[in-house]
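The next block holds one structure in the form of structure tokens; read it before the comments.
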């Protein structure tokens, strides 16, 4: 147990805690704020796991762009928090939680007792430059497709966002 | 004997191809009908003339074929397009073509909507049935087997009576149910054969050599039997038949009773028995039992019907019962008798359906309560009705008798008790036939109907005469017909010898 | 000879077919002539054949019928003295009846159908009489059945009549089942249907088999000849036109059963058991029908029961081992009974379709032309001494009496009692109908009938009166018929009874008949419809046999058919299939609830599927 | 290397075509009416011709794409689907007012995504292709603006798709974590290299299966199918139900072929069970449907079940059977949904220029009553498609089923085949019932239906030909 | 060389995170919350990839994460547009209210 491990576990607890808070909030605003916290912790974790570039991207894209988009939309929609009583609020969680429990148990069992994944991670760091070069050498096609993807998303969002009209 | 000229293919596909003419002329009814008639008659002529090509075939190792034809078709799957005609198929072909002529004739006035497609479907059906009787490749056979469903489905569903849709769906479901399981069995057989010999083929003559374990035989045979038993139909799988008959148009009933039911029989002894001899042998007692039950049960039921057509439909099931017995007893006499009976039933029951159709055309009812005393206004009609009823009841001198007596006496030689029971079953037949005659042409005429009842016109009379002649001919001189069957039946018997000690003298 | 017999058969067939096909287009007269010609021609042919070789036994083949493997049946005839006489009788009686019918049916518009059936009937009957192949016999056998059915229900608009026809057909058909079985059995043993062959090789059969054959054939005969227990159709068959009753239900068809037994006598003869049962059936039926006839009010019903009774004698004759006697009785019966029926036909028409004898009376005065022939017929039926009927009946009784087995004595006693009853019911009818009485008919209640109808009675009357000559028990031409039939296997020319027995029986019989006749005169001089008192109902309904049939067999059968249809087929099997289909539909709509339109459910399924997969995975893991 | 780049040509054509369409749509306002349609058609045609003419390329392009025979088969099939969809769409989009550049561009991009999905040999490309096709489809489904059904369908499809693709991504992550290889072949074969990783690989595959199962509507991930099919414009449904399924199946087939034996030994019982479930539930639920598009949706679930059933036997050489049936299925479903689309009425406009709330496609089976007589040709083709879906001769569906069951039996999965056949029997009812409505009922009251344009005629002809020729 | 933690711990963390996201997507009826759940799930997947990249000392895993981010971004874009559009039309963002079609 070295310092990295300690950081890892602290981050892990933080991420889970933030996420749990986020997904249980009734108020969307609160949820998003917690989520941003979770994402930032994740970014740090990424850094820890040897992906500094991705850590930055995580902050920029997830915690930054995406969450801001969410905030923006939420504010635009002016959604008031749902008012439900205790039981009605709990009921939808029952099934997912129990299923989650089972799945998690299975995964635990497999990971802990029956797998060769006990390999301990060495501490390395990928430099952003090497990463970029690698990306464009090997996965240039992927980048192309990703660009189409964003393009389609743009077009689609525009189309859907446009007012109702009968087109041409 | 191999002819370069694809005569059999022409016979098979001529009606279908020419049928498109009917579709094309559907706007001009008379023309359309005439074309259909011409096509049907031409087809009949073609079929009959087939006999002249090789009337006395030499018995070969695979059967006594009068004509064969074979081409590669989908070689990768081992499918061949191969047709073959022997005496049995020839007879059935003639019956098919003949009944189709009748179908066109009797629909002359009763079908007034969508004439083009009606005749197209009729001819389509003819093609598929003829193809079925000729196919010697199991896959090709199956293809025709399923294809025949489509035109029949439309014939019943579009031009039928009140609950036609229900009837059509029921018909389709029942027959497909058996058919699809049979498809599995066919594929299974094909694969087993392929695994044994390395040659993947659907050719019947090859498949018959497959060595099968008894379990495999049992299951494959069960699937085949189910399909055929539904089509025949064997009690208790018969319930689709009365419904379908009742609601089918007359021509549909004709095709159904005259042809479709026969395909089940044909397939049973042509394919199912020889392919799976052991399983088949084990099933014979069951078949006999079911046949007898069917004979009694259907005859009994028929008595209480309130609809003439339904009565005839049940009578049909009863007749099928005795034919099943005949096939299942499996000796020269019963088999010939059963095959002959297929023709006979095709003639006499068909005739009854036609006549019921005529009643329906006039009265728009087939309920007994609305009938009675028809003789008063329609003596010629009634005379024919009586004649055909008697034929159906097995009066000696008419066709059914010959077949029945062959079956019964043949059965008796092997299983006396069964023979006696089947004979007794015929009495049940008398009861409902007489009831039908009684409540239709006899009894007090219903006055209100007098203005709609008119006797046969020329076309109708002609149709019935066409039917009466072969009935008499087979009744009095079945020799030529039976001679045709001699060799093929012999061949079938050697292919599948069910009972080692057939009665002495056989 | 082949040609002659072929033409013989062809004549009525052609007549029938021509009438059937184009009869409606022909003038009435032509149609009638064709019909009559068909039968008269047959008669002529029969006579020629008789002249040329009536004493020979010939097997002649026309052409093949069915042939599969070793199974073969041909259209062939076996012409022997028995058949020769039979066809002579059949064609003769039919000819007369045809001619009679022309007059009788003068007002009916449906004459074509009538004559057509009648001709076909004659054809079928001739086939029975002549055919060698049993299958061919069977053709005739069913043919007569059909014609009888069609003719009984000739006046189809009357529901009861048509029902009577149906009843007749079904009952005789029930009888035929055993005929069919016998056919199959014959084929099993002999590989042939030929009568001649079978008779020649009959001795190869074991006694048991012979018994079986005998019983099978007896049952067949019971159906056709209306013997107990299959009697009930015959009285109802009187619904047909009277000439039909005369021809079919008296002279020819009903005797076919007896005739069949005679034809196959060598076979049944082998078994004492079978013979015993046959004789017993004949005797009991005779008595039974006589009793039933006592209380009938319908003139035709009286005759019908008397027919059953008389056919019983024929069967008894066969059973007693003397089929010649039976055949003799068959002949004389056919004459006098057709005579009686034709006479009855005249009476009925004259009385304006009145059947009830108690509503007649005075007919001796009003219908003298009918009276005398009818009287002769009655005398013959009642076995008035020295008339044909007497001699033939006497021979049957004698044969029964001298049979070595003791039980035959009982049969004789029964049959003898029946013979006496015959006198009673015959003359009860005769006296009631013909004798003068104040409340009887008057002249203006009598419709004129054509002369032809009464004229026709006379040839029959003469024959009925004189046919005893055919087989006188004594004298220079004694046993003429028997001698003629001697060539037929199994025939006994002389019964071989001691003269004392023979004479004693004959005279005793004659004397008793006379006594009873006298008594009857005194009792039934006046119409006494309720003479039998409380027994009347029992007798009238023939011991409720019909009722029993109806309620024990016919009704349950029909009801069960309905149950079978509605409950077993529709509600059971069919509903089973349809409910299965319906069940699938219900299941389907339940499945449809799964797709509830809610995203939360849909999403849940993703995790559920995953969890299920993971769980199964870990459960099935090979640790 | 040069030939490899040429092998990429169809993809280049497609992508540039998509961009051009969008550019034209954006900047040439006064363009001829049919220009976009023509451009899209031209793109697809050109791509397919190029695919057809190309020399065989090496099956592994840059470790990312499979441009060999297998890949090209699916490219061609997908392009065929596109062309037919385009033909059906022309009139439909015009009468329903969405024939803008977005439609055609997105369609082309969607095909591009499908192509990538189908021919990817790298998980990243597969993943991206899948997302591309999904994103484009989300918009395509909702392309009829203001129409509640399309909107709801898009929403449902999107939410489901997003969650499912998250599952898929996580599964890929696990797979990669255990094998250290993003090459599909390499990672799937790695179970042999690292036998003790097998459990987690299997977990990863289970996650992956959820994602793929959702896309190809395997029970229990199928629930979206009827809703989405119902809500989408019919030609889009046709595209959705064929294109995305074919693409995903192409990928799934590849996975199954490449997967290492120890994994497969664990996996195939799952496939077996899922196949049975899918066939049974799909056919069973379709039975009571009275809504044409939902009925066909369930039927397509069942068809997927048949394919899945054959997939179980993939290691015993059922690949050609599945490929053949995929092609047949594509033709049949395209035909069925496409023809339904041609019966769609133009939307009516409410008071404030808003669209009326009623769906324009013919919905209920009863709406189809009597169409067999008023529109004989189209009805006949629809009926042929239905009969083919049932699997009756002489149609392609029959041969297809034959081939499928032959493959399954050949691999000795007898129970599976029997169960499959029993569900086929169940299915007869609803197909036939549809045909019954077309032909055996009197004409139902209904307004005038549009008559088809040339493009539809062409599409119909192609489909009929396809069904009968393959049969 | 310094070691961080056993790889399986990373996987466990990712699995928990993923399932939390899944539970969010499944349990919440709010469309936006569902979308948030998806984001969490995707981020968990990214975590797996990054861990794996470290485990195998490869950059492929990191490349994949870039793609995941691209996908996440475009999904959110389309998704939010769609939600916005739906909300404009129906006035609700409750997922279960969208049940015009069912059965």
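List of remarks:
Think of it as A, B, C, D and E in the order they're written, each chain with its own count starting at 1.
The rule we apply is simple: contacts are C-beta pairs under 8 Å (C-beta built on N, C-alpha and C of every residue); 3 or more make two chains touch, one makes a residue touch a chain.
Keep in mind that what you see is a predicted model, and the values were worked out from it rather than measured.
Note on connectivity: the fewest chain-to-chain touch steps from subunit A to subunit B number 2.
Annotation of subunit B and subunit D: jointly contacted by C, touch as defined at the top.
Path length between subunit B and subunit E in the chain contact graph, taken as the least number of steps between touching chains: 2. Centrality by Cα centroid goes to chain B. In this assembly, A is the chain whose CA centroid lies farthest from the centroid of subunit B.
The chain with its Cα centre farthest from the Cα centre of subunit C is A.
A separation of 30 Å divides the Cα centre of subunit A from that of subunit D. Look at where the CA atoms of subunit C average out and do the same for subunit E: the two points lie 96 Å apart. Centres computed as Cα averages put subunit A at a distance of 5 Å from subunit E.
Rounded to whole angstrom units, the spacing between the C-alpha centres of subunit B and subunit C is 37. Contacts with at least two other chains are made by residues 92, 95-96, 100, 103, 106-107, 110-111, 114-115, 117, 138-139, 142, 146, 149, 152-153, 156, 160 of subunit A. In subunit D, the positions touching at least two other chains are 124, 128, 131, 135, 138-139, 142, 146, 155-156, 159, 163, 167, 177, 199-200, 203, 226-227, 289, 429.
Counting partner chains per residue, subunit B shows two or more touched chains at residues 173.
A list of each chain pair in contact follows: A-C, A-D, A-E, B-C, B-D, C-D, C-E, D-E. Listing the residues of subunit C that touch subunit A in their complex gives 600, 604, 607-608, 610-611, 614-615, 617-618, 621, 623. Those residues of subunit E lying in contact with subunit C across their complex are 22, 25-27, 29, 34, 95-96, 98-103.
Here subunit A touches subunit C in the complex through residues 92, 95-96, 99-100, 102-103, 106-107, 109-110, 114, going by the rule given at the top.
Here subunit E touches subunit A in the complex through residues 1-13, 15-17, 19-24, 26-30, 32-33, 35-37, 39-40, 43, 46-47, 50-51, 53-55, 57, 59-60, 62-63, 65-67, 69-78, 80-85, 87, 93, going by the rule given at the top. Touching subunit D in their complex are the following residues of subunit E: 7, 11, 14, 18, 21-22, 25-26, 31, 34-35, 37-38, 41-42, 44-49, 51-52, 55-56, 58, 60-61, 63-64, 67-68, 71, 74-75, 78-79, 82-83, 85-86, 89-90, 95, 98, 100-103.
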